[in-house]
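Presented sequentially are two complexes of chain A, the first with chain B as partner and the second with chain C.
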Partner chain A sequence: MPRPILAAEPDVSRLGKKVLSFDNVSLNYDGLSILDNVSFEVERGEFVALIGPSGCGKTTLLNLAAGLATPASGTVRYAGEILRSANTSAGYLTQEDALLPWRDVISNVSLPLEIKGVARAERVERARAILAKVGLKGFERHKPHQLSGGMRKRVSLARTLIYQPETLLLDEPFGALDAQTRVLIQEELLSICKDLGLTVLLVTHDIVEAIGLADRVVLISKRPARLCATIDVAHVANRRLSRIEPQNERYFDQIWDHLRSQTGGG
Partner chain B sequence: MQPSANPILVVTLRLLLLLIAIGLWQFLPSSVLDEFLWSRPLDVLAQMSSWIMDGTLLWNAADTLVTVGLGLVLGGAVGVALGLLAGFSIVTERLLLGPVQMLFALPKITLVPLFILWLGVGTQQHIVFTAVVVFFFFFFAIFNGIRGIASVHHNNFELFGASPWQMCRLLVLPACRGWIALSLRLAVPYAFVSAVSAEVVASTSGLGYLVKTSASVMNASGMFAAMIVLLIVSLACSLTINRYASNWARFD
Partner chain C sequence: MAGRAPGREERGSIGRILRSPGAHRILAFALIIGAWQFLSGRYISAYFISSPSDIATKIVTWARDGTIARHVTSTVLITICGFVLASALAIPLALWVSASKLVDAVLGPFIYAAYSMPKIVLGPALVLWLGIGLLPAIALSCITAFFLVFYNVYVGLKQVAPIHTISAKLLGATPLQAAMKFRLPAAGPFVATGLSQGLIYAFHGAMVGEMTASNVGVGYLILFSGSRLDSTAVMAALVLIGLIALAITLLLDHTLGLLGTAKGAQAIA
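So, the complex of A and B:
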């Protein structure tokens, strides 16, 4: 089904083939080793899911990709350039609610444009368009506390998309949502990403989500995080976000076995 | 659950209590209540009306109000500015927090003789003293407000490419609105306390000046008259601020 596209699509042609590359990245925090020689790449337009046990340093990987942290050794490159400050080409959607409680929905969504100095009329117009796209038409003047968790997440998504990032960094963004809402938002997200040709790096615990959304699933060890395996799921047919089709259960089992081996449980 | 009190009953009882107190003050015999030290309500009223007639009251009340107002503006502006600076980075925090905490520990009234030395006994000195006292409310409010902003907001603003000024204007100040409102509510009564304290120590005008000069000529009526006016003015300002500040600070 063709979907209306944003006012302007991000120009991703400058990115080249490799959008994000981690090269032998290590990081310590308070004497604790968080990342241990992690290397992987994300190609343009690719949807990569990182999956690993709790507290393994997945979020740290996203912070590095966002330029909000710097590695102790190794390099993180975005579009070929080493990241030294906040990566303003990336949109970062976290598990926490990051809406400003004193702003209504439309001015929350248009905040990135306000910061970029876009004129008020254009800001409002673009915010309205993108709110309609994520199914929040009519809620422009609501305050965040008047919305449900799923709606707030949609507002966050709209705010992340409005400044047309080339790349999305998603940190378990749907973890706190109920099952139906989660599947709906996941489907929306997937179609938006494909429409816009966005490159996505998703961190998750949810195996069904990883298989359902990603082209490639990267398995991470327990802390200090190392790369364990990469599973290519792009070719898998009949992917669904609500459940795993019987013929795809082997991928689920493979990831599940990995997680179990890393959490030390039986 | 406690039964709620009948509001009409409460108001009636309060009025009754007030009337009894004023009645006792007026009619207790001199052997019990020496009017030379205590004055009488009617004498206080007479003093008040004569001060109103000759403009003394208006002039001195205006003087104290200007001191309170300018002290709040000055102390508030410097407090917010330095609070923002202290919250800006670890370096500025280390630089500012220690000295401010040290000054905060100092009993502020000891500064009055120093300010008299520097600025004389006029309104200037009262304004600066008031500003110093209220400064701390705003400084600590903003500082704590900044510390309380979730890092996810900072991160997002950085990714949106916000400049430090935009970060301050669009994130920090709005997020600190509740704190600023709270410090305003605390600072207004304190501004009166400090303005009048400075006036009582040394002044040529103001409600504190009226209290002081009345006391020095053993005019008990004048002292009470000035105190009552001070109470009314201070209370009216505090109530007004409370009302507007809490509305202003609400997000929803």
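So, the complex of A and C:
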């Protein structure tokens, strides 16, 4: 069934080929070395997944891409320019609920437009449209606490997409959802990303998610994080996000062995 | 049918009214006032306790000659000005201090030291700077209320989940937008508590200011009456002060009730 394309697509022409590049990035925190000479790039339209053991610094990499942190050495570039402040061109979705509990769904979703100064009527119209696209038509007046976890995630996604970012930064966004809801949302996300040609950097623990959604999987070591390997999975289609299909089992094993080697022995 | 003696049901409902808490309150009040009136002049000198009838007469006199109008209006004006000024200063300062670790570390101790100062001792200094009248009383009311508003809002802002400040940054919000759309609403109950405590203490500060540095207001009135050894006037002024305090409390209860805020929210007093 063909997916409807959202009202207006983001303008990706200025991005060039490399959207995000990490160049020998190192970062310390409280005397601990978190990232050690990490270098990799994300190209326009690519979906890259970062996988590594817990606490390895994956979220730090994402924060660098979002402009929320600066490296101790090396550079982080977005669209060719060094990031000096918060990256407002990228949408950021975390596991935590970023919805404002005192606002209803529609005013949560239209918040980015409100900040930009868009007129009320247009805000509401665009919010309604995007809510319909994520399957939440009719829930505009609900408060977040009245919705299930999956529905709140959809609202968060709608809020992230409404201002048409070129890039998405995802930090284990679906970790808190039950398995079924997770798979459904993953499918929708993938569909939307492909429709809009979004560039995506996803941090995850979930190997099936990584193989199923990403074009490329980047393996990170335990802290201090280094790049260990990159696996190209674009050519194999794992269309079912609920499990690993036979042709992809070896990738699963490769990633799993890597994770196990990084977690064992502290 | 008309003119029947009360049946069982009507007697029951009259009984219910008589047994209600409201009826008991009226009865208790009447007993206390009655005892007071009886004791005054007979067993306890009127100089010490005055009497309800004298106090009531005094209040009516004051109502007629404009005393109440003049002093109550002044007190209300001082309280409101002190409160509004305090909030206008405290909320932006709390936003600033809670947002920056550096500012917090530098200014924090000074604010805390100022908070620890007994406010009443500022009276003479304020008279020096602002003369005698409304201004020093407003200043004292403002200073007293300031810390209540500041600390409650500050604590509330510090407990806002970091995800909200991060979201504000990533969505390109200006500091003002971040404060109005994310941070202050997230600190809602604390802001409400801060403002209500602020109003209450603005009133207390107004009383201190009126008694040390003013020539109008119910605080001044009570001081003036006391200095003339007029116990009836002192009691009457106390009644007025009590009524204003009660009005403030009821107003706050009603407003907070409308906002649906928990009255038991963490308070700093």
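We adopt the following convention: the second predicted complex is superposed on the first by the 260 of 266 C-alpha atoms of A that agree within 3 Å, B and C clash if a C-alpha of one lies under 4 Å from a C-alpha of the other, contacts with A are read in each partner's own complex, and residues count from 1 in each chain.
Quick note on the criterion: a contact is a pair of C-beta atoms (placed from the backbone, for glycine too) under 8 Å apart; a residue touches a chain by one contact, two chains touch by 3 or more.
From a predicted model like this one, the values you see are computed outputs, not experimental measurements.
The superposed arrangement places chain B and chain C in clashing positions on chain A.
Applying the stated contact rule after C-alpha superposition, one finds that A:98 touches each of chain B and chain C. Applying the stated contact rule after C-alpha superposition, one finds that A:143 touches chain B and leaves chain C untouched. Residue contacts after overlaying the shared chain place A:111 against chain B and chain C alike. Touch counts on chain A: comparing chain C and chain B, the chain ahead is B.
Look at A:251: by the touch rule set out above, it reaches neither chain B nor chain C. In the superposition on chain A, A:174 contacts neither chain B nor chain C. Judged by the document's definition of touching, chain A residues 66, 68, 86-88, 90, 92, 94, 96, 98, 100, 102, 111-112, 114-116, 163 lie at the interface with chain B and also at the interface with chain C. Per the touch definition, chain B reaches chain A in the complex via residues 150, 152-153, 155-162, 166, 170-171, 174-175, 177, 251-252. On chain C, the positions that touch chain A within their shared complex are 161, 163-164, 166-167, 169-173, 177, 181-182, 185-186, 188. Considering their complex, residues 63, 66, 68, 85-88, 90-92, 94, 96, 98, 100-102, 111-112, 114-116, 143, 145-146, 163 of chain A touch chain B. Only residues 66, 68, 86-88, 90, 92, 94, 96-98, 100, 102, 111-112, 114-116, 163 of chain A touch chain C when the two sit together in their complex.
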